[in-house]
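In what follows, structures are represented as structure tokens.
You will see two complexes here that share subunit A, one where it goes with subunit B and one where it goes with subunit C.
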Partner chain A sequence: MNKQLSVFFAENEWVKPALGFLGLFVLCIVFSPVSSKGTLIFLKFDNLSNVLRQVSEIGIISVGMTLVILTGGIDLSVGSVLGLSATATAFGLMDWRLGFFGAIGVALALGAGAGFVNGAITSAGKIQSFIVTLAMMTGARGFALFLSDANSRNIGFGENAAPESFKIFTESFFGVPFPVYIFLAVAVVAAIVLRKTRFGRHIFAVGGNQTAARLSGVNVALTRTVAFTVAGFLSGLAGVVHAAQLYQGNPNDGVGFELDAIAAVVVGGASLMGGKGSMEGTIAGVLIIGVLSNILGLHGVEKDFQLMLKGAIIVAAVLMQERRWSFRNKGA
Partner chain B sequence: MIEFREIGKRFTGTVALEGVNFAIERGGVYALVGENGAGKSTLMNLLAGVYPDYEGEIRVDGEPVRFRSTRDAERAGVSIIHQELNLVPDLSVAENIFLGREPTDKLGFIDFRKMRRDAEAVLADFDFPHSVNAKVSTIGVGWGQIVEIAKALSLEADVILMDEPTSALSENELTRLFAKTRELKERGATILFVSHRLKEIFEIADEAIVLRDGKYVGRRTIAETTREELVNLMIGREFFEERRDVDLDAKPAILKTERLALKRGGAPLLRGIDFELREGEILGVAGLLGSGRTELLKFLYGELRGETEGALFFRGEPYSPRSAARSIRDGVSFLSEDRKVEGNFAEQTIRFNASVSVLDRFSSFGFLDEKREKSAVGELLEKLNVKMRGDKQKITELSGGNQQKVLLGRSLMSEPKLLLLDEPTRGVDVGSKQEIYDLARDLAERGVSIVAASSEIPELLMLCDRVLVLSAGEQTAILDSATADSRDVLQHAFTNV
Partner chain C sequence: MKRFILGTLALAGVAALLVGCGNGGDGTRVIGFSQCNSAEPWREAMNKELEAAAKKYDDVDLRIVDAQQDNSKQVADVENFITMEVDVLIISPNEAKPLTAVVERAYDAGIPVIVLDRKIASDKFTTYIGADNELIGEAAGKYAAEALGGKGKVVEIWGLKGSTPAQERHDGFMRGIAEYPEIDIIYEQDGAWLRQRGKEIMENALQRFEEIDLAYGHNDPMAFGARIAAEEANRAGDMIFVGIDGLPGAEGGAQAVADGMLDATFVYPTGGEKAIEIARDILAGKDVPKSVTLETARVDSTNADQYK
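Up next is the complex of A and B:
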């Protein structure tokens, strides 16, 4: 039985972060503040759906980040690209009069384009993605400031403004906010792609052993470029969601989002060396960080203390990943 | 005296060693032999402190010991040379030899002059052709192995464990290593080594200790045993060494080169390559370390590109290899000599590793049909006799030889017409070696043409129909292995050096 269990853990690496999330969830229930009516505030439907809404932007970005990290790369530009996309969405709706699909299309295309440039330069120039995406992080932020003249643009509705259809992003269906559905759809599609497609295998191959991948006939440059392009596209999508949540496009938004996404991916069990990790793990990582912020917020813990605690939790989670779970005695 | 008492070791789900009992005296050379997965490397690693977690007890000179780390073992005079290189590629030879115990001056800075001098001193016996300041990444696998050996010697250990120290060495490097080994023995050192080459064992060892399936099965004094007896102990069945006899002249040529030369950045890598490979022929490529064996194979696979002269024909058409991906589509497969760096996807399963090059075959619209993949991989790996728990097991949980069979499986998945094998039996036990030979012959019977490079000349003469000899990148002979012997091959290999 123990042997089977340890084999199961070895073969299903996403189980650890998933169990971590469940454990945290149970802890949150135990330590949940209680309302005057005696119900657990943490477990209230509104609270839980609020947690999901809050993590959906970082969640969408983290899905793309997972693909990039699995290929052995890193994408530092996702936060800036989100800011650029949010800005483009607002200007697209309000100033350029592109309509619902036009504005969103431009924002997504900018995201995907930035990702493609990241991937193409990384592959063709054989430059570390850390450097390339660091440059894109600066460049995309600059482009967003250029587009907007360094002003944020509010989104209004009406005759000469944004179409009513754009309000879909702030609506809820069955009590769950629309961005949560986007996050879940993106995550599920990405999980299926990673597990069930040739492209998914190639991602793991490129990140696991680039030379062996090339010798096995895998198109390393293409695989890497597609991964970066998808990551950029998803940052663009997160930017649209971001603009819709705030009813504005601010070129200065999204600062530091790349670090939150990397943290979620790593807490989810991925290795920054590439070739190891899973979409399920990343989703667990996103939820762990989201639930943690929520319970601390419910208890009224100050932001400064929250950040320190979050830092400690990230390190602890990664340390737990690294330890091999053993069900045997260690011997003498 | 070093005693192993009731030694047992388990890895996730598999028993590597069980109830191993034996003892060796100080001042002898002992060969640890056995098939793939017999537990040889594991046993060495226990003594060297790599795995502190095991059952049973090891005693050194009557004292029970349990080394917690390799450093711990080194302090007690036990040093190990690993099967796979454990060098830092971007550090120099000298820095690698003294890694972690660099000589320092009074101020605590590294005393590079002393380090270089000491490194040169330990390498002196090996006719090391490179500077000790050269980066390890530039000196090649074979010399890397020598550096690894020098590192162990510089520790002045009196128990030296060698896990296949010779697998990357050519014949003349071997001679030097053996001379060194004898010298160490005369100084009273105890040497325990793993090797799959029986010839070496008979040349250098005093005694052979045989393991099979994680258990101790017996020991033989080398002077009083025979190859056949040892092999039978290891595998428990008969061992054949025979040449096949076919008429190849009647078959069409698959690959043909005319005065082919390859340069890269102006540096000549290959020249005068002139041969015809017929359908169903096994062509050996022999040569000293650095003679261009790997380069020739990688060129034919499209992995190594440069400026070419001369002509190359594949299945009658002029051909220029472009990339691995295209070669696979054209029916060419390649097996690398370096499993760790160029072969394995270490974090992945056996199935992933076996099928990665032919995922097209199992996918429609990019989606994988895992059922078909599983059955195709399963069928092939069963034919290759891979010992595994299931195809979801991580490849690195397998023994070296079984990993090699999985990678060979990967090369065969695309059903190649031309198979390029670089050191296909490196780090592989006798039983698996035989299986790989049988498989190569079987493939040849069915019309697959094979080019096999190896540093083991007898292996090439036994397996191949003809042997192409390279010397410093130049083809110096093509010999018919029915009439040639090792001396002929060596003579041509030394032509340009």
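Up next is the complex of A and C:
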């Protein structure tokens, strides 16, 4: 029985983070502040949809980060690429007059381009992705500052300004903000691709054992490059969402987002060594961090304490993942 | 041959630099300004104000160098100014401690030094020009008390906690509302000067509290973020939004007031114009005060157009 359970946990890495999320969710309900009318504020529909919207940017980035980490790589440039894409979105709409699709297209292309460069240099130059994406992190930030002349650009609507259609990113459908649908769609598609397609299996193969993957006919360089390109594209997409949420493209935005995304992926059960992890786990990781920030924020907990608690949660989550459950060894 | 050409070019370059660095022989006085980080909008505004003020005088040659938030680069920048023997050094130090020694060296070398905005850890300078964040916070507090009619619930969005301006803008605000016990700060969080954090904090506050009368941001971007959050929750209606900084330009707080996004903001002056004025006084041999405190100004719907 215990053995079956531990095999189940080992084969379904996403279960532990998902259980972790459910546990935290219950805790949040128990400790929710109560409004004057006696309702639980945490459980209010508006609040939950706020949480989802607040995590949607990091969530979209984390999906791409998961692909890269599964191949055994890392992408430190996602935050800078988000800043670059948000800047391009705002300038595309306001200054370059590209229209809705033009501006978003440029932003996404910049993101995918940065990701492709990351992947191509990592694969072709056989350089560690840590170094390559560190360089991209610096370079993309510089390019964003160059494009914008180090200025932020506000997005306004109306005559000679952004088209009304861009407001779709701030609208809600059935009470749920549009960015949440984007995040969910990206996550679902990525989860299916990882589980059901050949590309998904190749990602795990490359991260699990590169040599074995190559010998069994997997194109390692191509798989890696595609993973990085997708990660870059998704950072670009998150940048568009970011610009829309703040009605502004700021070349200095997105600093530290890479660390939030890596934290979410790791809390979600992925191993930085590659080959181990899941999209479902990452989504649970994103939600854990989002819900935690929300409940602490609702209680007005000071930032110092919030940061310490988040650090502790990350360590605890990873310990939970790595440790074999002790009852397994004792029972036998 | 190639080497010869390169060598000649290099020599020519050095010569050009040397000529460029000399103090203009025709009585032009060189003012060197060492800026700690031109990438911040407020410091960009400071540069522009200095340039505009310097342009008014034919006999002033203003040179601005940007340390890009790097202490060691700023030390090198000031050393260059000392080598060039500028007539006046203006510096807005990145951090007090690392820049103190080199500023003292300039002062000891006989160069008059104007310290702008941030201080150094020594009194070896000619004049310090800066605004008083506590007075500005107090002005914001008094405005809040007046706008609320002495009674109401306030959300305060802090600048980076632990930074002096945030603490002073808070202390000043508390002093401004001290006489009104019915003004309650019901929620306060660290927004780290960022528009995004301001918005998130306000979203949480809106969930938590059914009644919020005023949001006070320690800078305009955070107050603006709070406004966006309130609008999205359809609760911006009669809420009051107050910020600080009142920068000019399309992205500045003054424009936000003109657009009705903020009810008021309080100018945190850059001191650029004052610095050029004092520099001219020093060059003319006049006595200048050791310390100059810049006045704030309230920007509201009645006068926002003047500050845009």
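Going forward, the second predicted complex is superposed on the first by the 323 of 332 C-alpha atoms of A that agree within 3 Å, B and C clash if a C-alpha of one lies under 4 Å from a C-alpha of the other, contacts with A are read in each partner's own complex, and residues count from 1 in each chain.
As a working rule, a residue touches a chain if its C-beta (ideal position, glycine included) is under 8 Å from a C-beta of that chain, and two chains touch if they have at least 3 such contacts.
Quick caveat: nothing in here was measured; it's all calculated off a predicted structure.
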item: Touched partner set for A:134, first subunit B, second subunit C, both or neither; value: neither
item: Partner chain(s) touched by A:201 [first = subunit B, second = subunit C, both, neither]; value: first
item: Partner chain in contact with A:176 - subunit B first, subunit C second, else both or neither; value: neither
item: Touched partner set for A:184, first subunit B, second subunit C, both or neither; value: neither
item: Partner chain in contact with A:275 - subunit B first, subunit C second, else both or neither; value: first
item: First (subunit B), second (subunit C), both or neither touched by A:50; value: second
item: Partner chain in contact with A:217 - subunit B first, subunit C second, else both or neither; value: first
item: Common interface residues of subunit A - those touching subunit B in one complex and subunit C in the other; value: none
item: Touching residues on subunit A, where the partner in the complex is subunit C; value: 33, 35-36, 41, 44, 46-47, 50, 54, 145, 150-154, 170, 242, 245-248, 250, 252-253, 294, 297-298, 300, 302-304
item: List of subunit B residues in touch with subunit A within their complex; value: 10, 12-13, 53-55, 66, 301, 303, 323-325, 327-329, 334, 336, 341-349, 352, 356-357, 359-360, 363, 366-368, 370, 389, 392-394, 410
item: Of all residues in subunit A, those that touch subunit B in their complex; value: 3, 6-7, 10-11, 196-199, 201-202, 204-205, 208-209, 211-219, 271, 275-276, 328, 330-332
item: Partner subunit A, residues of subunit C touching it in the complex; value: 38-39, 41, 44, 161, 187-190, 195-196, 199-201, 203-204, 207-208, 210, 225, 228, 232-233, 250-251
